[in-house]
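Two complexes, one shared chain (chain A), two partners (chain B, chain C).
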Partner chain A sequence: MNDTRTLSAEPAGKAPAPASSRSVRGLGGARHLGLVAALVLLAIVGLVTQPDNFATSSNLVSVLALAATIGVITVGMTFVIIGGGIDLSVGAIMALASVWATTVATQSYGPVVMALCAILVGAGAGALNGFLISYGRMVPFIATLAMMVAAGGLAQRMSDRRTQLVRPENDAIMALSTTKVLGLPLLVYIFAAVVAAGWVLLNRTTFGRRTFAVGGNPEAARLAGIDVRRHTMLLYTLSGVCCGIAAILIMARTTTGSSTHGNLYELDAIAAVIIGGTLLTGGRGTIIGSILGLLIFTVITNLFILNGLNTSDQLIAKGLIIVAAVLLQRRSLRSSS
Partner chain B sequence: MQDMRDPLLVMRGIVKQFPGVRALDGVDLEVRAGEVHCLLGQNGAGKSTLIKTLAGAHQPDEGTITFAGQEVRLTGPIAAIKLGISTIYQELDLVDGLSVADNIFLGHEKAAFGFTRTGDTNRAAAELLGRLGHGEIAPTTEVGTLPPAGKQVVSMARALSHDTRLIVMDEPSAALAHDEVDNLFRIVRELTAAGVAVVYISHRLEEIREIGDRITVLKDGRTVAVGLPARETPTREIISLMTGRDMENVFPERPAPGSHDGRPEVLRVEGLTVPGVVTDVSFSVREGEIVGLAGLVGSGRSEILEAVYGARGCSGRIELNGAPVRGISSAVRLGIGLAPEERKAQALLMDQSVAGNITLSGLGLYSRLGWLDRKRELADAKAQIDELDLRPADPSRPIRTLSGGNQQKAVLARWLVNRRKLLLLDEPTRGVDVGARADLYAVIRRLADEGIGVLLVSSELPEVLGLADRVLVIREGRAVHQSDARDLDEHRVLDMIMEGSAL
Partner chain C sequence: MTSNVGRRRFLLTGSLVGAGVLATACTSNSEETGNTNQQSVSTGGDNDKPGTKVTIGFSAPAADHGWIAAIAKNAEAQAKQYSDVDFKPVEPTNDINQQISAVESLIAQKVGALVILPNDGQQLNQVARKAMDAGIPVVNLDRVFPDKLSYRTWVGGDNYGMGVAAGHYIGKKLKDKGVAKPVILEIQGIATLPLTQDRSKGFADALKTYGFEVTAQQDAQFTVESGNEVAGNLLQAHKKIDALWNHDDDQGVGVLAAIKQANRNEFFMVGGAGSANAMREIKNGGVLEATVTYSPSMASSAIKLARLIAQGKGMADLVEKQVPQSITLASETITKDNVDQYLPLGFES
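What follows is the complex of A and B.
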């Protein structure tokens, strides 16, 4: 004990060599590597079982188009979960936004107003979530559960439980799905743009940095002078905006607005975020991981459909993947600390 | 007559090492059946670690424990309870949502084939409560609805529900009013009359005089006195046993007394009152001055700090350079920084890098329209790391891999990247080992010399007296004394905060 008592002594043996800090970061990368490996494995399974159908451009396009809608929601969900919360209402908000944007009144103003309407409805519902949670001090699970039920009900009411078609004069909405650039429909580019914007927001701005702080240690964030309540409110608003964008994509893909859209999307989005390595308790996570998690889910669905397998088995496979992913992450976390 | 009995519990040479800290460094304790044995020591002396060892919550690295004549190994809380050792912790470990009876028998429920026998449980609980003189507490009451004194009784009933031969009480009177303390003492006397041994921990010397039989004093993880008579040992002797460290020269040199007199006041506090905790406290901190708040845990010193930072509702006037402080964001904007008491829980983002922690509250400095300039951020973090000699000097290393002293430097650095006018330091050297402390002291003094005002709270009196220019003594929420630190010594201050006789 006493021989290390120079003024700035580090306790002996407590100063790891610089190399070890690099290996800690390497493990973070390895986690993504694991996800990429899983995706490659699934692709090989696809190539072996369906050599004629899997690797076709039309199949890959349909995988991406399917991933795009939930993918946009997943980006917002990643922010909310890193910020220490959860949002169960994403599917219902998306449905509500799609219904609101396809009412006769909204459609009469044209496609631009329809898109704005979807985003505003999403933002408003998200802001209400955020308000209840940060200023009403409600538990996120409960507040967003209430929103999920209520927004779903409102969507049913507004649409009279009928599927509302996007009218022919607003076919600019459908063009997002039908117009292709370099072989990919526009909505895939919108998905990519949202992911890129999310990545930049999370990793290159004060907002992103504060999100990690608020989720990782809200008390420390508060004492560091961050307005935790306002930030929480913004996080749920952001998630709502993502739901609004997703509503535009689903209108483009299905040419409809309906209260049945987005059923169980919240579970897929949360699962994708968790598989991607984001801590459910907040403070740690990545956008890339979430998107890889989502692609794994989507490709599995695709493989089951191509092989004509039971959708029930598909759900069992998804459940197993969630458990496996979390167990693997726990192991890599333990070895890094 | 008591002296003839064999001791019930003997602990010899107990050593407990935590990462970076040797919490127990050879402790001896000897407790006889039927006595109240008082454990004394300053904060950090090792009392909590010792009773946790006794409760089976910590396993000692070295040393032997003998209970009722047999050497035992307390491998866990259950092992301790089976032997007949019960512990009543300072933070009562009760489940608020369960009934009184359910709490008492938690873990050893009265049940048949897994079904709890509610009638039996309630009857047995009522009997225990009656034995403690509190038959008026209904066994079916939800614990969360009881006042602190009631919870205390439930904790004691739980201890008695086991076949208990030794009860450890960690500051049992801390949450109690005066007449409730009398009842506590009555219960303790009944227990000892029945042959149960009690290990009693308290900061209040007058209580120890009243209830205690013998005293063991701990200091810096070692036993410095064993089995002193509780009633006859003079206060002075006890205090000097608790403090009597050979002062090493770890504190930086201070400017001459009165050298801050002409300088402007950075902080002015007038009539500060936090309901129930702090009453009418006024003081000021001048540029370049370190002001220390001395007092016991719970005396209101941390609350004063939090109030100044705007993190706690209060009345009175708090001004920084003449501008009123309203809330945390205004405190930060005006130039106040806080290094809170619980470094890990209140200050650090353990998953983030050193740089991310340093720049957390100065993010606005590196951003334009919310866009972070990471190069400048990293450069500033690096500059602070060099300035404070933070090791290892790698801004991208995860902060969790750093030692306590270096983590604390990162917290200080957080407030140096965006120049502060006033720093509030709450227990800045907690969990920091001795060598690294001197280093932190030097940093704090250098910051003051650069013109920053510093308000310091510490449980360690030598730290307050050795580092501060001026000291405020806080007792039960009031400032009972204020003077230059050099005019005070530990004995005088301890007298003031423990006995309340302000000389």
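What follows is the complex of A and C.
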């Protein structure tokens, strides 16, 4: 049992593989096709219902810019989930990072320090998550739940529950969303860069292969010589860093840091990862799938607002999509085994 | 020197009145102590002079929003201005259960009056009633208790009126401009709240008097980030907008950021609540031209009212000897012309 799982988990990133893993890769491709088809379907709905507004370049830019913040978080979440964990604290960590980076003290050092501060806060909180889970032997769900509550509280305390505006002299932060290169705001490029880096890290490095191995079967991974604890800790730190980057993007978009930022982002990110075909039990998944899953959600929001429909219906639609995606996922799993 | 003497006399009379009142207060309940003070009401306008010592208990939701933070701050600041008020705030909380037990603890301490902004009027009704039954007058702040036996006086804002004020500003301006079929957008707060529905109804009703209607309406969550997302999408849906009403200045920060990012300025925007930040934007002159108030200064007024009620006084400008049963504040429209007047009242979001 152990042996087969190690086999299918370890080489998933490498090209040559025994039959079982090849079918897994093929399925991944097919599922991406499904996601792309869903996006195309949504695009057709958009073109039919809003011919003047949907397919404009400014609308596409707007969708991408909206997706960027959660998108960056989703990349980190994909790693954590493939590694067999879960991170419920992403929204709260992002809020904390945005608050910490916009305090009067931090802002006095200028935009670069603000950005570094956000990333460091994210990395620190993520590392603490990882430490509690790997060395403290806490269940990920519990440890990150505790972090979610505590980081949210700390964010409220630091900001005195106020919305902290990014000061005018630090408008380089805002420039990330107002400056456009080739028609796209800079934050979309940051989003793209994070996705690209995540893809390379997951598919082209030892770190990525180890992530699949640890998520697929931690015991076998340990026997194969992987320091599972250290790796787990790194995964949560990575997720924290992504939250820090997302905090920079949310500051750019909203011109503020606030403890109310990131509310329920963890659910959106987890949903995107699951729709994207990553197994919640770990050991299998793709970055591209997660991003497609997220885009589906963002486009739905966009379509609903373009058509003047209300939020409740939008939530129902999203719920249905999650259920449909998981049912399809299970069916394809069964047919592959 | 003269001012010193005046001050001494003032303090002396104050303490004499206080002592006399204290003596009666020790032996009887607040109802009778009212008699000694009613004379001062008839002379009018001197309600701020120190009177009976009053302990005012205060309970409000946790301040995770600029407006509610301002409520707690205003209440405390107002209470501090009175030497005869002992202000007893309880830990603010968003948990109904905790707020109930906090109010119960204030009842047990036998405070002279209670000012309560409930998380939910319906759910805190019972404990407010308990206070009233125990002889403690309750000043109900903003979110109303359904049972009139549960409060002595209600003071709060006018959500419907807020919509009306926004509707009139937008309606009049577009009418004057002679826009035939204007595109009017509305960004609500949390759509499920009755207050949001009241605001929207007032807005629609006022616009109707000009023959206009809301073109599109979307809801946000009172947070900067939700305002940003909804506005970002709405701006895509409507290539040309004439006017936009955003219910809440806190989420308005996000709305304004989205407008800036989309590089749009063909329309004007009206805010809601009256935050200091919105007022600064109005003063600077930009897309945000006006905001309609739902002022947290009502907390200061509530403390004043609770003190008067406990001391058995009426409101100096009214003929009646007692404080009215309910006071609805008007929603005032702040524009560039009068913004300087309002800036000190603005709350930091």
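One rule holds for everything that comes next: the second predicted complex is superposed on the first by the 311 of 337 C-alpha atoms of A that agree within 3 Å, B and C clash if a C-alpha of one lies under 4 Å from a C-alpha of the other, contacts with A are read in each partner's own complex, and residues count from 1 in each chain.
In this text, contacts are C-beta pairs under 8 Å (C-beta built on N, C-alpha and C of every residue); 3 or more make two chains touch, one makes a residue touch a chain.
Nothing here was measured: the structure is a model prediction, and the numbers come from that model.
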If you stack the two complexes on chain A, which partner ends up touching A:Leu306: first (chain B), second (chain C), both, or neither? second
Just checking: does A:Arg253 make contact with chain B only, chain C only, both, or neither of them? Give me first, second, both or neither. second
Touching A:Gly283 in the superposition: chain B (first), chain C (second), both, neither? first
Report for A:Val149: first if it touches chain B alone, second if chain C alone, otherwise both or neither. neither
Quick one: classify A:Ala55 as touching chain B (first), chain C (second), both or neither. neither
Name, in rising order, each residue of chain B that touches chain A in their complex. 19-20, 22, 309, 311, 328-329, 331-333, 338, 340, 345-352, 356, 360-361, 363-364, 366-367, 370-372, 374, 389, 391-392, 394, 396-398, 400-401, 403, 406, 414, 433-436, 438-439, 442
Mind listing the chain A positions that touch chain C in their complex? 50, 52-53, 56, 58-59, 62, 65-66, 156, 160-163, 165, 174, 177-178, 185, 250, 253-256, 258-263, 301-302, 305-308, 310-311
Touching residues of chain C toward chain A in the complex: what are they? 62-66, 69, 191, 216-219, 221, 223-225, 228-230, 232-237, 239, 250, 253-254, 256-258, 260-262, 277, 348-349
What part of chain A is in contact with chain B in the complex they form? 1, 4-11, 14-16, 18, 21, 24-25, 204-207, 209-210, 212-213, 216-217, 219-227, 283-284, 337
